[in-house]
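The letters A, B, C and D name the chains in turn, as written, and every chain counts its residues from 1.
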Amino acid sequence: MKRIYAIEELCLNCRLCEVHCKTAHSLSKDVFKANKYEEPTPESRVTVYGNNFASAALNCRHCDDPKCVKACITGAMTKDKTTGIVYVNENKCIGCMTCLAVCPYGCIKQGKAAVKCDLCRNENEPACVKNCPNHALIYVDKGGEEK
Amino acid sequence: MKYIIIGASAAGLACAEQIRKEDKDGEITVLTKEKYLPYSRPSISSYLKGAVKENNMYLRKSSHYTSEGIHIVTGAQVKIIDRKSKTVKAGRKTYPYDKLCICTGSKPFVPPMKNVDGKENALTFLDLESAKRIKRLANPRTRAVVIGGGLIGMKAAEGLSKICKSVDVVELAPHILPSILDEKSAKTVKKHIETEGHIKFHLEQTVTEAKSSKNKIISLILKNGDEIACNLLLLAVGVRPETELAEKCGLEVSRGIITDPATMQTSDKSIYAAGDCTVSVDMLDGSKKIIALWPNAVNQGIAAGSQMAGGKITINKSFSVNAIDFYGLRICTCGLINVQGAKYSDKVICNGDRYKRLIFEGGRLAGYVLINSSENAGIYTNLIETGMDLSSLSGNLFDTPNPFLFVKPVRNKLLKGELDL
Amino acid sequence: MSVNYIPRRFTVVRDKELCINCGCCVRQCSNECHCFADDRKTVISHSADCVACHRCVDLCPTGALRIEKYVCDYRENANWTPQYQQEICRQAQTGGVLLSGMGTPKDYPVYWDKILLNASQVTNPSIDPLREPMEIRTILGRKPEKLTVEKKGKSTVEMPPQVILETPIMFSAMSFGSISLNAQKSLAMAAKELGTLFNIGEGGLHPDLQPFTDRSIVQVASGRFGVHSDYLNNSKIVEIKIGQGAKPGIGGHLPGEKVSVEVSNARMIPEGSDAISPAPHHDIYSIEDLRQLIWAIKQATNNKKPVCVKIAAVHNVAAIVSGCARAGADIVAIDGFRGGTGAAPTRIRDNVGIPIELALASADQRLRDEGTRSQISLVAAGSFRCSADIVKAIALGADACYCASAPLIAMGCHMCATCNTGKCNWGIATQRPELTKRLNPDIMYKRVVNLITAWNHEIKEIMGGMGINSVDSLRGNRLMLRGIGLSEKELEILGIKHAGE
Amino acid sequence: MLKEGQVRIPSGCAIAAIIDRKGGMINGSEIIKSIALMHDRSNGLGGGFAAYGIYPEHRDEYAFHIFYENAQAHQNCEEFLFKHFNIDVAERIPTKKVDSISNGPDIWRYFGRVNRVRMKNSRLDESEYVVQCVTKVNAAYDGAYIFSSGKNIGCFKAVGYPEDVGEFYMLDRYNAYLWTAHGRFPTNTPGWWGGAHPFNILDWSIVHNGEISSYDTNRRYIEQFGYKCTMQTDTEVITYLFDHLIRHHNLPVNVAADVLTAPEWAEIDRMDSDKKEYFTNLRAIYSGALVNGPFSVILGSNKGLLAINDRLKLRSLTAATKGSRAYFASEESAIRIICPDPEKLWSVSGAEPVFVPLELNEEEDV
């Protein structure tokens, strides 16, 4: 199954992945409304760390043996058996953020419920990858095969 | 192979599911004294304040148990474990087992107080049933008092404050949340809770006596003589491991059930134990203690389940990690917090309502307390868990931890996994 | 900073309605034209150093940015134009030679735009390139005078080294130093995929380009940077660079601060030292000296590599080309004065040399008059903007064309012409790692491949229209060209008729 | 009105040829019959024939056929000819009055050998000397035009339909072992007899159908080597290409044909290494001699007959054989009318030139 990987050497620190992630996870799906007017403000599930000299965008690795799923006290965090995607059920999540406290990659954000990458719900290509101007984010199989 | 698991919360469920992963055919029966399918016990405070509906509290869909072949028996209070005949008795039924796992969790600890026991408005707060009962009793006119300023007590107080006219918390210790917070941070939290939740604290106090009328408490007298009105009393002083069954059948028990720290096997080779009812060894200081926290219970349940099914998973990393919030104030703690000694040091960064305290053991991270600054706390947790030498880091540990905390080869692995790009 | 008497050139216009304050522009502008306001949330722009490179415009996710020419009127004067006044002010301030990047922006005639192409109607059929083979394969190198055969099907002629190109378009010299390694790598990858060549310029060979040397033209320029036996032998063609269209008669100067470890290794000069390319080759003061260098290179490469001599198009270009051919050059490249550069003195760039169209036409005719045209290859350079320019150049007589600006534009260059500042926001003309990484060779080489593939298609389309199915039959086929609005003299030099004739 | 050489005039055409490999004689009426069938492929603005072996009694002498437009041209040209050649015979070419052909020039023929003293002084070999003399007359003597200059061959052409031209020259009185014929469809009205085909130099004669799109490439290529394309016709440039390749570069005729119609690269890439090298070298060296665009060409010479078609087969050309004879024509019917039952009949392909060598015992080496 495919995962998003980040290539630091190519990351421009433009943070457009964040902008487009917010858009993809907004109600309007409109870059302008999503990033400016929508309430509640959609959260980006990908975060760029670093500065212009060295930066990288990080989002959920969708681990094989996810600590967040094990730590989830409500059963809201699950790993889909077929797609391998780790999802949060926002109705079940009470926002305790134990998942955040155990994620070794720092890929979960706090919100009313836990906020994390859902690979755009198995879209062909997640929004962050699609919109990365320098292909610093790639969506590939673990073996590294492209698409 | 017949597996019996007593208790259906974090450890019990994890244990059952792990067994199924490794043994496709074994007969798995989970006995729970509660009348509900496995649900999120920590969510009962959210339930109390109305943030979550009951149907969203169940950990799995009921179809999950059918498809996984896990037989859950609700309302089955186990009375006896008969090690000789390898059976357990619950109600009128006897369940034979080849492997047994005890995941009985905790029971509330109620300190002796005059005129409290048996009063119909004096309740504990540990399971869904109790939460439902409280919810029925509490109303906007209620003056609630919570005894205990620990995790359960404070979550209960928060829940009640959304419903009741007033909430008082009585705590013996000099600060609230003593198990997860140090004194300084506890003060910050307390202030926040007082402002946001209008909760009144009575620290370094105990209730000596209750006044009652018609089998209902109407007020409480504190150690210092103060009297506070009360028409709903919550007893949340603390919990103790539920070890009664184990003790009765002669297993080794101290504060909790004693198990092999790796395999969760008890002194009886056919019997395992996992979760809050056991004694854990804190990997960080080697101390034996009760780590009554969800992730620990799940890990223990998985290890026990695997071992029972002949698998190889063991547990060797027990430590406490906890995340909680009060009125939007996020608290995240992990590892050793209230430790003393020359080998420990700590550093606190305080900036407005953001508080970050890191506890070090030599050149390693041993614990943290994060208030409103818990972003990416898992990276700290991982540093604690792996015992990484902090001198190998390239970034500032006190910034929000992120991949750039690590040197490039480590960082690359975080970003690219095993990919060779 | 003191007052510098020169108004800024551009204004960044930010549509506050559209701006989502994502800060992308702030982080992308190396000229620091955008910043966060004091609230650290609102993005604002100040335009003083804007060069209109459009990095912010192109990356802005909501299209909130626009670059406008900063209009500031001077009292009208057709002679003392604002540009001259500003240049005077700049020199008054710095006391230095004015420097510019890219080709001259001045309004000299572009003859490509005054030449029209032919197509077949009735008397012979046009050819559909989608249905019929359409050949653009081009072979460079010295050709023997004639073929000798044992019999039909068996050649006995000894061929000098030849280079087969799958398109008549090559990438002209851009050195590591003037452009980034990533830009070079993109061109190298594209050349490999396209079956053409890229020219590594005079800055030596970076080890990362080693896998592409079989598609490379290596330069021996007056600075002789990085020239050694392996360098010459790891190539397809060795090019002696005598001159450059943008700065004929002028050497080069890569300041020491740009000579990083990598640049110093490739150029084989000490780190931090100025890399000076002298104006002349100090071992070539005459045509016979050139002959010696050509033969020396042929010796060093065991006669395995064609030797190209690249000259700037100057007034007596035809005679010089003919001389180079007689001195033993297998290929002569002529660089017209509109050709680009990383940095050239503005006055030279804008005033010295002649257009490639005229230079090419007269050089081709001269070689034909001498009867040597079929034996050597002519490469034209100096601003090919589209496939039609290439077709016209080939019809005038070029074997192949050198393109540089076009592939750079494909890689993001916006012709802001500030290459000399080293702050190229597109990661092309810079060595700053935070900027060079913006150019991902894996993306950019595909864009370059796409561009040239598109041009190839268009060339084939145009050829098909002419009823020609091989570029061989386009080469020198000036009957396919007609001038429009050209004087008798211009037509005579170009060797073409006027439209309607 | 501009004539050939002053303007480039595209034309459509009919071509036909007959050859007897063994040198058996064929009467001119046969080729007239063949070309006449393709009447509609020409428009009455040019027709012509080339005949090989018609002057056996003068086989060692050059036969010059010349158009004179005026007496002055006649005088100047003869002066030049007599100076450079030892002329044995000078006579008018016999013609018959034909209604459709009028306004013709004075048509003369001369038989003679080169003036050896002058040739030696010019330091040219014989054929080059002859070519230069012919070129000189055609370029410099206004009103005189040498349209045939080989040994034992003759070119006959005029403005008119080819069958009328045949009648005009009374070709049924001539017997040849190789005939080529041409009917022309020019888009303009040049009205100049010299512009009709075949085009001849020495013993090369070419009839050609098509308009080559590589004309200027080929012209500028061949003009590097001293040729001057005064006619601006495809036929002229193709003739010169053959002349150059065969006479100057010593290439066999079939190799020269390969140069003009070299296979496509895609095909060359699939060939075995010898052939690949051969064609790669050939295309590299002679890229300027590749002929592009639609054409079918029949090249007559003392060595035999070569028929080539363009690479894409954009022009028709059919070939047939029977016994020692080979027939070529733009249309199959034009062959069948004179050879109803050929042994073999095929369409000449773009990739495979057809060369029919003459097997004469007394073959002359040119």
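Just so it is clear, a residue touches a chain if its C-beta (ideal position, glycine included) is under 8 Å from a C-beta of that chain, and two chains touch if they have at least 3 such contacts.
Small disclaimer: the values here were computed from a predicted structure and weren't measured.
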| item | value |
| --- | --- |
| Topological distance between subunit B and subunit D, in contact steps | 3 |
| Where subunit A and subunit B are represented by their mean Cα positions, the distance between them in whole Å | 28 |
| Separation of mean Cα positions, subunit D and subunit A [Å, integer] | 79 |
| Centre distance in Å when subunit B and subunit C are each reduced to the mean of their C-alpha atoms | 70 |
| Inter-centroid spacing, subunit D versus subunit C (mean Cα positions, whole Å) | 47 |
| Arrangement of touching chains [line / ring / star / complete / other] | line |
| Interchain pairs in contact, sorted by label | A-B, A-C, C-D |
| Subunit D-facing residues of subunit C, complex | 120, 123-125, 127, 132-133, 135, 137, 139, 141, 143-144, 146-149, 151-155, 157, 159, 162, 368-369, 371-374, 466-470, 472-480 |
| Interfacial residue positions of subunit D with respect to subunit C in the complex | 8, 10-12, 187, 210-218, 220-221, 223-225, 248-252, 254-255, 258-259, 264-266, 274-275, 277-278, 280-288, 290-294, 311-312, 314 |
| Residue ranges of subunit C in contact with subunit A within the complex | 18, 20, 22-24, 27-28, 59, 61-62, 433-434, 437-438, 440, 442-443 |
| Residues on subunit B engaged by subunit A in the complex (per definition of touch) | 10, 14, 40-43, 46, 51-53, 56-60, 294-295, 298-299, 302, 321-325, 330, 332, 334, 374-379, 381-382, 385, 401-404, 408, 411-412, 414-421 |
| Footprint of subunit C on subunit A - complex, ascending | 9-16, 18-20, 31-32, 35-36, 52-53, 131, 133-136 |
